[in-house]
Amino acid sequence: MFYHDGKLQYDVKVDKPNPQFAKMLQQAIGGIEGEMKVCMQYLFQAWGARGPEKYRDMLLETGTEEMAHIELLATAVALNLEGATNDVKDEAAKDPFMEQIMGGANPRHILSSGMAAMAVDSNGVPFNGSWVVGTGNLAADMYANVMAESAGRVLATRLWKSTDDKGMKDMLSFLIARDTMHQNQWLAVLEELGGPEGVHPIPNSFPQEKENQNFNYNFLSTHINGDSKAHGRWSEGKSIDGKGSFSFEKATPQGRKPDLGAAHPAGFAQKEQMMENDSFIKSAFKKIKD
Amino acid sequence: MFYHDGKLQYDVKVDKPNPQFAKMLQQAIGGIEGEMKVCMQYLFQAWGARGPEKYRDMLLETGTEEMAHIELLATAVALNLEGATNDVKDEAAKDPFMEQIMGGANPRHILSSGMAAMAVDSNGVPFNGSWVVGTGNLAADMYANVMAESAGRVLATRLWKSTDDKGMKDMLSFLIARDTMHQNQWLAVLEELGGPEGVHPIPNSFPQEKENQNFNYNFLSTHINGDSKAHGRWSEGKSIDGKGSFSFEKATPQGRKPDLGAAHPAGFAQKEQMMENDSFIKSAFKKIKD
Amino acid sequence: MFYHDGKLQYDVKVDKPNPQFAKMLQQAIGGIEGEMKVCMQYLFQAWGARGPEKYRDMLLETGTEEMAHIELLATAVALNLEGATNDVKDEAAKDPFMEQIMGGANPRHILSSGMAAMAVDSNGVPFNGSWVVGTGNLAADMYANVMAESAGRVLATRLWKSTDDKGMKDMLSFLIARDTMHQNQWLAVLEELGGPEGVHPIPNSFPQEKENQNFNYNFLSTHINGDSKAHGRWSEGKSIDGKGSFSFEKATPQGRKPDLGAAHPAGFAQKEQMMENDSFIKSAFKKIKD
Amino acid sequence: MFYHDGKLQYDVKVDKPNPQFAKMLQQAIGGIEGEMKVCMQYLFQAWGARGPEKYRDMLLETGTEEMAHIELLATAVALNLEGATNDVKDEAAKDPFMEQIMGGANPRHILSSGMAAMAVDSNGVPFNGSWVVGTGNLAADMYANVMAESAGRVLATRLWKSTDDKGMKDMLSFLIARDTMHQNQWLAVLEELGGPEGVHPIPNSFPQEKENQNFNYNFLSTHINGDSKAHGRWSEGKSIDGKGSFSFEKATPQGRKPDLGAAHPAGFAQKEQMMENDSFIKSAFKKIKD
Amino acid sequence: MFYHDGKLQYDVKVDKPNPQFAKMLQQAIGGIEGEMKVCMQYLFQAWGARGPEKYRDMLLETGTEEMAHIELLATAVALNLEGATNDVKDEAAKDPFMEQIMGGANPRHILSSGMAAMAVDSNGVPFNGSWVVGTGNLAADMYANVMAESAGRVLATRLWKSTDDKGMKDMLSFLIARDTMHQNQWLAVLEELGGPEGVHPIPNSFPQEKENQNFNYNFLSTHINGDSKAHGRWSEGKSIDGKGSFSFEKATPQGRKPDLGAAHPAGFAQKEQMMENDSFIKSAFKKIKD
Amino acid sequence: MFYHDGKLQYDVKVDKPNPQFAKMLQQAIGGIEGEMKVCMQYLFQAWGARGPEKYRDMLLETGTEEMAHIELLATAVALNLEGATNDVKDEAAKDPFMEQIMGGANPRHILSSGMAAMAVDSNGVPFNGSWVVGTGNLAADMYANVMAESAGRVLATRLWKSTDDKGMKDMLSFLIARDTMHQNQWLAVLEELGGPEGVHPIPNSFPQEKENQNFNYNFLSTHINGDSKAHGRWSEGKSIDGKGSFSFEKATPQGRKPDLGAAHPAGFAQKEQMMENDSFIKSAFKKIKD
């Protein structure tokens, strides 16, 4: 169960409302790098967690924290939209609604939400549930979470760079800090699980001898003539998971050209895709015509 | 530029066509864990790569390989759909189209594609470009890639477990092997970039002193009364990035209850949300009515 | 069956073409508050209507009217886009295509539709069929319709406020009037069905004694310490449906902490999520390895 | 800020796991009638609330409760999926993974989430942020909320009817009860706001004299020859909002046939859509060719 | 403006209700090959039509007809769902709701719409406004329309093959016939516009001498070694538009390997992607840190 | 299998970076008229091709070429975004990040991708797999391809018109030329297949005598009173496919008004939609209450 106290996890002050910045902040709410995604992702992972209880609890703790981050940002959007409809200025020369739109504001912040945050990204594209990743495999999920917090911190620093509003910079410096912690937190689980050698290849419960042993540690170069700069740690030496040795090889086809044969009459391809001489097909045709 | 030779990277044989398995294989083509996603993700990362040339080249190499994986799987889907319309059987008692649908096949494999693979997942939900992640930050992208290959290998092992078709198991054991390599490959880049201490917090180019120093290494517990099992590597000791020390703290609000004030007349909220006594608002109202 | 006469339900005049306003008008065409949604919603409700014939007929009447509203707005968009490509001005200093884009116009109005309306909202996000609500329950549908016309009228008034083009204001004042009627119209059905006491709880055909009798008229406060301002008509007195009495209670968990146990081997979680000592699991593991 | 206690709001017991029912329950999690939608809807409405504080608080209270409902249902899905991979049965004849799929289970419950709930509906279509409605107008939002709880209760009763699992029926009877309360709760706000006469037409802050006075209380019949059964409370008598009188009228076009004229050369329509004789257009053409 | 008469364009009889066929029919309603798409496509094309009036009128005529086709199919879906909840049979052994789901029915036909058609495809994926194509170029639009009617007729024949219900086969034979007409109809416009030589390359208003003259009639083979079977009408002889001669050539890169240089500090890539020695970048860095 | 050489198919030069043009170029990458769509469409058609081998090969050839076009455009986007963060200008008056946004740039080009191309259209709406059309019918697919290249060339000419950057105009003139070829190429297949008379009605494998013979070559006018300008090649003379004669007829309903009857109790409509007197329904009701 969940509870609230109505207060913000951190202070949200906007010195100078800015509808364009409100639009940009939406990326951190409803974007693929945003707080709705991590909130739902950690909670769904918690609700489906099997195995050691502490990971379930941790996911629940942080998922609940992220809910407060959405709240922070939604408040920031609303405050930045103050003034988006300041149409009561003395002069009537220009319509400020339109001015905002022409200035690149999200028109739906005025038209749809009446100056409030929405469950969309900075282009107004709605949040999508497919972004909520929970695989049932703890290690895969931890990487999904590190990745989410990495993209999230990159986003937050870019937002920080995009404003000189003191209040906004302060709020963002808090969120950036939390992303630092959360990156470390999910990495800590991976360390507990044994680090790269213990964890990989994910899933570590699949009997690795069942995978094709000729192609599991080779960097396959698809360059047409081998003139590739793609040499590095991944092309020689022991593999990171400690279970193989890297090599660099030119990719070559192991299979043949596929041939799907003629189309079956019941699929209503063009006649030219079928072989009408074939007696089997003929009888199929006949059957359709009857 | 890109080239092809029309051959498959690995042999695709289907011993016994199975439209239900064709439906499941679609997850590995057009699903969020699928090959279209990794193909496009690596290629877009390559095309936008700034910095050392070798990473760009490596992404291009592997992105091009993934294109061949889509081809493998699309061929496998088409072969599994042979027989999806075997309506020329001797007895006509039951319509086999309908039988397949009742058996859980994807109806669009018959109705829309005429027994061929589609750019959708195992529920028929279309591939979505939002899944193609490229942040412009190499380390964040590598985590996105490790995560993609981890979820991808988990998926492939589950598909492997879901079939006893020898040909399909063989093809999947190849794809599982490639996922092993690719997990290692992206981890190898992260090692080259300095490992957790060199890489984190991502982005490492943001001046870390600008983030809030009071909240960057604390596990904040949102549990209502502290009865949490969420203790572990993340709640004490040196942080994984080596730049701080973990602590466990109860989360408390640092901000106040937000107050957005009354609604502005131009937003056409209900009158009850406005303060009509306010002279400023009154004149705004008057203006609207004129 | 449907017919048309090629004329507009109301005159559409645009005094001064304005591509930015064209973009905003798209919200009223392809947005979630828009005419495509209500048109399809009323028609689908009509086509699936079971029960008294008059409601089916009424839905069909108004669904057909809404088709004319899309037509009005699509015409208004096209007329507002006149001039979006006025590149034949005397001076060639600035490219006017680009100017429009920089001014916040929808680039697809130029690039994709060649200056015509599209089935998208004001951010260019496509119309989505999930918005077409028809539950098969007449009362639930009427609320969906009141809500659609309420959000629709709010939108139309905001558009009205956003322009000083006389033609556009006139067209919008017509649409606003129709929304007034349609709000009243759906409410009239709810009155016919018996008003709140006859209609609620929806569905009124479910035997209400089967619902949990301890939690059906209590406002549950999730506030952490009870310091909530959320007292009102809903927290005391007779319920609106006349079938219970409101109360205000602190929410408390009635259930326990869930425990999903260990992961099953066939799901390929990490090994650490399974209990390998368990003999059942062991044999499952063994089976996978064979 | 938000907190949790890790316990369920109500007990979740599943007597007999059933992957098909797990699939159906997803509608109540990630569907348009589901708990993610109402949770996010109430919270976003709260975060953007302007005007009387008590409504903001109430929305926050109930939004937080809905979070616990997602938790209930996610737990129910996970428990119903126990057994979805019971491949350790004595006989190995049929693969139970495939059996479930053939039986209509959601393949992603096995392939993607490893037997856990996802942010999707009962067809596997992802949750969509566009469903989160907050207009900034309190009355419109209350109708959106009544509608959500009506569709939600209809859904819950249908789920209740679809199972004879005692645990599931018990959980659903709790959720059905909460929907009863929430329908009443939002109606109570509408009563506080003055009922139909005080509230409508929404928004009540728009000066109603600005809407077209000839079309605001007329039921317009689009029936081709007037043979319509669509007579009722809405076609005569005082309007529900008390501000007009209903009438029944045949719809007739007030506008003319629209004429958008010839296409402008810069839009690259076909030549046949342009008027090349026109000297203005000719010079435009010439300019493009230069 | 639009009108209706409440009657069906063609008779809809269902001899034996079949929820699985109802699910399949949805492809013809809300799928990308479906009637909602063509209806909206023709109407939007009409509403945006510039140039000769007769094409606008024709589009309006047929768009209006397609509305009646949605009506036909929606009625067919509702009739096929009769019996989807026949739970009042004598024996209570099995729950028929669940039986339908296990038999591959769309669960939302029961849970969400209460046995009525929805604006979704055969997998329950919602109709998407992006499918409504209108380019503003008449010839491009005619091809979009021929394509829509071709895919539509293919779909309808597959549905016809999937059922032996006499009523459904009769209704489909009507829709198949209309698709025949509509294919011919849009082709007739292309003939009026001058056929391939008059129409192509589309748009014919672009001065063709501005396109690169070295690459406009060459089939470029991307085969790695020229072992391609892709020879045919397109690789030699006069081009179909009569404005060039086909040739077959091996594709070769005309450009160089792209180099995007180092990342700019303000984008917060990893430090390793930047060149810190560069004095320009150094000052940029310094600025960020200040 | 696929290969690459890391070079561009054509030179990409940007004389003056322009983030707004970068945004517009996205339409040609991830839009419905874009290169991702045609690339995937041709490849999926190839992978599912049944019938003559040469068409499969041709599709594979050109699908692979389109991959290079995405590469071209992605490079062009990245180069146009140089300068999108030129925040190191001497004066600090205005923040250039914000300036770009206010100027209509895609905020995600800065916030999400760090100045690189994304898999989205010019409004930031993600690429959608539903656009990848392959019907299994070669002729239908060829029309889909002609249509794609027609819309694509229209788009490219509009982009060409929207810029005066020499490098961009040169690159676009190459892409426009390729679209000319590809339009011709797919038309050439249709010619090989026999032209309109051989190809239509699509699918030509359906026994045409099974379609309703009364409605397959009639233009049905839905105009309310026959005052239609929609006369032309399609309303008289031999049909384009040579298999019938066009006529012009007034559309009239062939069917009756549908009647779905009363709602079944198990669907939980409102009671008013059911017929409680009916004894069958009564017993159904009773059963639910038990």
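Think of it as A, B, C, D, E and F in the order they're written, each chain with its own count starting at 1.
Convention: a contact is a pair of C-beta atoms (placed from the backbone, for glycine too) under 8 Å apart; a residue touches a chain by one contact, two chains touch by 3 or more.
Here the structure is a predicted model, which is why all the values come from computation and not from measurement.
K.L.:
Show which chains lie in contact with chain B and also with chain D.
P.N.:
Intersection of chain B and chain D contact lists gives A, C, E, F.
K.L.:
Could the interface between the copies chain A and chain D be described as same, meaning over half of its residue numbers are common to both, or is it different?
P.N.:
Mostly the same residues form this interface, as more than half of the numbers used are common to both chains.
K.L.:
Any chance you could check whether C-D or A-C wins on number of contacting C-beta pairs?
P.N.:
Most contacts of the two pairs: C-D.
K.L.:
Distance from the CA centroid of chain B to that of chain E, rounded to the nearest Å?
P.N.:
A distance of 25 Å separates the two centres.
K.L.:
As a quick test, compute the distance in whole Å between the mean CA positions of chain B and chain C.
P.N.:
Chain B and chain C have C-alpha centres separated by 27 Å.
K.L.:
Going by the contact rule already set, what residues in chain E reach two or more other chains?
P.N.:
Residues 1-9, 32-33, 47-48, 50, 53, 57, 60-61, 64-65, 68, 75, 78, 87, 97, 103-104, 110, 112, 114-115, 120, 123-126, 128, 130, 135-137, 139, 154, 157-158, 161, 202-203, 206, 210, 222-224, 228, 251, 253, 258, 260, 263, 266-269, 288 of chain E touch two or more partner chains.
K.L.:
Within the complex, which stretch of chain A touches chain F?
P.N.:
18, 20-21, 23-24, 27, 31-33, 103-104, 121-125, 154-155, 158-159, 161-164, 222-225, 227-228, 251-253, 258-263, 265, 267-274, 285, 288-289
K.L.:
Name, in rising order, each residue of chain A that touches chain C in their complex.
P.N.:
Within the complex, chain A contacts chain C at residues 1-6, 47-53, 87, 95, 97-98, 101-108, 110-112, 114, 120, 123-126, 136-139, 193, 199, 202-207, 210.
K.L.:
Would you tell me which residues of chain C are touching chain B in their complex?
P.N.:
154, 157-158, 161, 224, 266-268, 288
K.L.:
Flag every residue of chain F that touches chain E in the complex, lowest number first.
P.N.:
The contact residues of chain F facing chain E are 3, 5-12, 32-33, 53-54, 56-58, 60-62, 64-65, 68, 72, 75, 78-79, 85, 87-88, 97, 110, 114-115, 125, 128, 130-131, 133, 135-137, 139-140, 143-144, 146-147, 150-151, 153-154, 157, 160, 173-174, 176-181, 183-185, 187-189, 191-192, 196, 200-203, 206, 208, 210-224, 228-234, 239-241, 244, 246, 251, 253-258, 260, 263-264, 266-269, 280, 283-284, 287.
K.L.:
In the complex formed with chain F, which residues of chain B make contact?
P.N.:
Per the stated touch rule, the residues are 1-9, 30, 36, 40, 43-44, 47-48, 50, 57, 60-61, 64-65, 67-68, 70-71, 74-75, 78, 112-120, 126-130, 132, 134-137.
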